[in-house]
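Here chain A shows up in two complexes: once beside chain B, once beside chain C.
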Partner chain A sequence: MSFFDKYASLIPVLLIYVVLFAIGILVPGMWQPVAFIMFYITLGQAFNIFLGLTGYVDFGYVAFLALGAYGMAIAVESLGGANLGFGIILIGLVLAIVMASILSLAVGAVALRLRGAYFAIATIGVNEGFRYFVEGARIWGGSEGIIISGAMRNIFGRETANFISTFVSDILVFIIAILAAIVTVLIMNRKMGYALMAVREDEDAAKVMGINVTKYKVMAFIASASFAGLIGASAWTLKMTYVFPSDVFLITYTVEAIVIVMLGGAGTLMGPVVGGLIYGILKYYLSITLPGFQLIILAPLLVVIVIAFPEGVVGALKRKARGNARKYLR
Partner chain B sequence: MRIAKFGLLLALIVGLAFLGCAQQEQPKATPTPTPAATPEEKIPDKILIGGTLSLTGKYSKEGQMSLWGIQAAIKWVNDVHGGVNVGGKKVKLEFKYYDDESKKEAVQSLVERLITSDNAMFLLAPYSSGLTLAGAPIADKHKVLYMSHGGASDRIFEQGYAYVVQTLSPASEYMAPFLDMVKAVDPSAKKVAMVYEDSEFSKAVFAGARKHAEELGFEIVLEKTYPKNPTDLTPLLSEVKAASPDIIIGGGHFADGQLLASQMADLKLDAKAISILVAPALPKFYEALGTKAEGICAPGQWEVGVTYGPEAAKKSGIDYFGPSQDEFLNLFHEFAGKDTMPSYHAAEAAAAILAYAKAIEEANSLDTDKIRNTMNDLRFMTFFGEWKIDPATGKQIGHKMVIFQWQGGEKKIIWPPSAANAEPYYPIPTWDEKAAGKLAKK
Partner chain C sequence: MPFFEQLAGNLVYGAILGSVYGLSTMGLSLIFGVLRIVNVGHGPFIMLGAFTAFWMFTLFGIAPVISISVALVLGLALGFVVFFAVIKRLINAPELSTLLATFAIGIFLEEVAKFIWGPDHRGYSWDIGSIDLSITLIPYSKILAFISSIVIAYLLYMWFQKTKLGAAVRAVVEDSEGAAACGINVGRIYALSFAIGIGLTVASGVLVTLFVPVGINPYMGHEYTLKAFVIAVLGGLASPWGAFYAGFIFGLIENGSYTLLGTIPGVEPFSLTRFVAFSLLLVILLIKPTGLLGGESK
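What follows is the complex of A and B.
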């Protein structure tokens, strides 16, 4: 495979991001809807690095987003007086990655020795357990959470604080989405990608062939969790300006991430993007046209799509694609 | 089969494109009325108030109640009041809402949509403190007034948002009137015990209660928290018993509040007055506990039966605005159906609409800053109670919580006197007396 062939699949993904970005910037009033859709795309992208590539379903995934959210909140809250300006956001992002990846290392090292349903069951506990830990041990504001709106306005001033919440945080999500796409392709192109593919198809066979399956699974898990931490830090803390444990340790987000990845096609680069687009657009416009009834429409639509495309929309397209088109769809 | 699949995909894409186009073709011709500071401000034909409501998800009950309350209030302003008096015109109100699913993700985009593409001039904040905070940066960025009718946390108003105002009483005020009542009825009561749930809301409530109790000269003899969803509170309550308090305040949500009351009965932990958050305010509480519930109090934002009205307003020397309680109930039933009674969520949302109408009339302008300034001095009464904000923060300071007490199987409003329909029963019967059939009824 030539260099171009290896990375060609990034082109349609980046193209979609550029189009979304352009719509957000150019069409008045469309920035926030685009940010809303991008949140779901990025969530899918980050989750896909683990679920898509390994075939393992992590039901505690939202805990990594939550930890990232706390990382940012702690940075802004405790360093507010240090006169660091935008440096605080950088420190917050780093803290988010560190916290999310430490938790993923701890969880992964134990839970990734389990398979299939047992892994899923073990991870459900992580999210709930962590929430009770935060509330019970009264760390990070305990059950009262952390509100950073006031701190942000003190540090940056009113205008800039609003700008960060309504624009910079969304740009960060775009950047995270691009990075997640690149990392996905890099993994796919390397030995790690082939090893994970082997794990996904038949873990026992992969083990017999001498692949250190636990090592690769843990690596994918940490990568995926780090991106989750970044999403939590920017799309939640910076944007919403508060972190309440009951709002961030919410299993709904894990379920949404699974839906997005499955909708688009697990293990494909394009899958979560398409899944996030379908999910985000349907959700947004249904909640506008039929407020209160959107879920009644959304649920059967999702069922129909999943039945029509059991391998996800992109999975099905990939199967149909011939020759040149194939290298753009991975 | 293959054709069917691609047909489906095509249909989906076309459908989405349509939706997308529909969004972009929104009339942009009518620019956001940015009223000039000059006296000859152009008054539009209608005033659009926008808001996101939680019609699905965990706050769906509260969201539906809010919607009915809002619809009833708007109907009153438009049909009974004839519209909002501004600039010599009678302008009708309109309300546009979207569903935020009780989740923070959609709030910002929906609020921005209300401002930019629907041209909403005023906003109602979503239900709950978290969602209110989520939308605040957008409202602040566009300098649009953002009235909270379901965000009780005091912390919202400590963040420095200039355009966020509150209509309901903040969490810190929940237990204050109960303490006032005890103070008024029995100045000799001194010792207070507080046993409450470790949650964002309860902690704010009891931090406020502690401060208020100390101001009134009470002595906090014991303060303990318990985690969410407790199964046994007897160890905690034994400590309370050892401290022999005169009054006990506590609670958090429904289940733990009920557990608190029933285990107090088991331990025969008597006090002269007991007030528990949330649980006793619901009829289920009495159904579950029977006569054990007699005399137990709970705070509430509002309840059918409060006596706020033109006369109460006259007594306090302030204006009355909006429908009387009976008028409100009739309007509410038009939207919600005959059998549904409004909860306080409906009343506080309706009061937020009325507060906007009143403030616009007083300012005689649609300019956000003028209205916000007018609000600083605005003090009036609706069927929900008084409305007056703290000028610096926008926090509600006029509205007072009402206190309910179970008296002879009925939930009576006993405090404040301007809203009460019964006298406080104090001290409440002991658990032994209640077991013998005594009711908290004179």
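What follows is the complex of A and C.
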């Protein structure tokens, strides 16, 4: 494959991001819905790095978003008086990655030895266990959480603090989405991507062929978790300016990530983008027209996808596409 | 010493609660044992049983012990519906598909329950007096729950051991292809086992209401899904009997550790108890994924 063939699939994805960004900036009143949709696309992109590339479902994925959210909150709260300006956000993002990847390394080293149902059960256990640990041992504010709106106003002043929560946090989500797409393609085109493909098809066979299965699974897990941490830090802490354990460990976000990836097509670069677009638009307008009914519509939808279109929209398109169109749809 | 009295009292209570935990996990283990499917939407079925008990009691004044049979029939019917609508189509699908489908079914049930009955916490009180054990007071209603769990588990055991259909289910668990070769209609056994598993789960929801005075709400199931996972893994995941015994162990650990953690200043013992439960889950999965109480490794 030529260099262009390898990376051609990035073009339509980045094009969609540019179009979304342009709509948000140029059309009055559209920034909020665009940011809302973008959150789901990014969540799907990050989750796809693990679910899509390895075929394992992490039912406790939201724990990584939660740790990222705490990472940012802790940075702002404890370094608020250090006069660092925007540097504090950078430190928060780094702390988010570090905390999410440490947890993913610990969980991955243990749980990724398990398969299928056992892995699913273990990951649900980790998420709930961690939440109850935070609440029970009263670390990071316990069940009262951390509120950073005061600290943010002290550091940046009222105007800038507002600007960060309503605009900068959304821009960060855009950047994370671009980075996640690039990392996905980079993994797919390297030895790691081929190894994971072998794992997905037949893990035992891959092992016999001499592939260090656990190593690649853990690497994908950490990459996926780090992006989750970044999303939690920007889309939750910076935007909402508070972190409550009952919100950030909510299993709903894991479900949403699964739905998006499955809807679009697991293991494809375009899948989470399409899935996130459909899901985000559907949810945004359902929450306006039929508030409170999103899940009652989305749950049967997931069942239908699983039974009728296990490959997702992009997976199905990919099978039909021929020749040149195919390399844009990986 | 008051501490040991408290501990003893909590352990008695833990054993009683454990019997209900055991019963509520048997359905999960039965379904996994026969169909090799983990019902990730397990808890919402318990919630349906809880609402059955609530409405039977508040509308018709029917005692929960009698509502068990109603819940069992409702659960069996629901189990057949879910099986033929969804599960049947996924028997040979990858594990991912059944995990996602059962998860979605659970959420759907919760949302339907919320739509019909609203998100409020409800409860009822069935007061028929209590017995004084000198270390603690145990209401008769909870003792009846204890007896009901054991009776149901025993009846199921007898059904498995003594009837032809029960033997057929055991044969499918052992080797589904071999069973098919012997003329057993495996598809029908799948449907029946799934329905019985759901029936048991919904029935156990009735007994759960005797332990949560005001905790009946559409989302109450989550907690029981997670506890059922811990218990099922403890009991070997594929064995309903293992699950029943593991329920007792879990009840004892949960209530025992609550008393111990309560002595540590500055923590919330209730949340930490749950943390202990999930740590236990991970440790068991790590050292002996087939369960502490034996269970075949497959």
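Please note the rule applied: the second predicted complex is superposed on the first by the 312 of 330 C-alpha atoms of A that agree within 3 Å, B and C clash if a C-alpha of one lies under 4 Å from a C-alpha of the other, contacts with A are read in each partner's own complex, and residues count from 1 in each chain.
Going forward, a contact is a pair of C-beta atoms (placed from the backbone, for glycine too) under 8 Å apart; a residue touches a chain by one contact, two chains touch by 3 or more.
Everything numeric here is computed off the predicted structure, so don't read it as measured data.
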Item to check | Touched partner set for A:M262, first chain B, second chain C, both or neither | outcome: second
Checklist entry - Is A:A109 contacted by the first partner chain B, the second partner chain C, both or neither? => result neither
Checklist entry - Should A:A22 be classified as contacting the first partner (chain B), the second (chain C), both, or neither? => result neither
Checklist entry - Should A:S287 be classified as contacting the first partner (chain B), the second (chain C), both, or neither? => result first
Checklist entry - A:L295 contacts which: chain B (first), chain C (second), both, neither? => result both
Next on the checklist: In the overlaid three-chain picture, which partner chain does A:N162 touch, first (chain B) or second (chain C), both, or neither?
Outcome noted: first
Checklist entry - Between chain B (first) and chain C (second), which does A:R153 come into contact with in this model arrangement: first, second, both, or neither? => result first
Next on the checklist: If we overlay the two complexes on their shared chain A, which of chain B and chain C does A:G142 touch? Say first, second, both or neither.
Outcome noted: both
Item to check | Winner by number of chain A residues touched, once chain B and chain C are compared | outcome: B
Checklist outcome for this item: Dual-contact residues of chain A (chain B, chain C) 132, 135-136, 142-143, 295
Checklist entry - For chain A, which residues count as touching chain B in their complex? => result 27-33, 35-36, 39, 132, 135-136, 142-145, 147, 149-150, 153-154, 158, 161-163, 165-166, 236, 239-242, 244, 246-247, 252, 278, 281-285, 287-289, 291-292, 294-295, 304-305, 308-309, 313, 316, 320
Checklist entry - Residues of chain A touching chain C in their complex? => result 55, 57, 59, 110-111, 113-114, 116-118, 120-122, 124-126, 128-129, 132-133, 135-138, 142-143, 251, 255, 258, 262, 293, 295-296, 298-300, 302-303, 306-307, 310
Checklist outcome for this item: The chain C residues in contact with chain A across the complex are 32, 38, 40, 86, 89-90, 93-97, 99-101, 103-105, 107-108, 110-112, 115, 222, 225-226, 229-230, 233, 237, 261, 266-275, 277-279, 281-282, 285-286, 289
Checklist entry - Which residues of chain B touch chain A in the complex? => result 2, 4-5, 8-9, 12, 16, 19-20, 23-24, 28, 53, 55-56, 97-101, 103-106, 108-110, 112-113, 116-117, 130, 133-134, 136-138, 140-141, 155, 158-161, 198-200, 203-204, 227-228
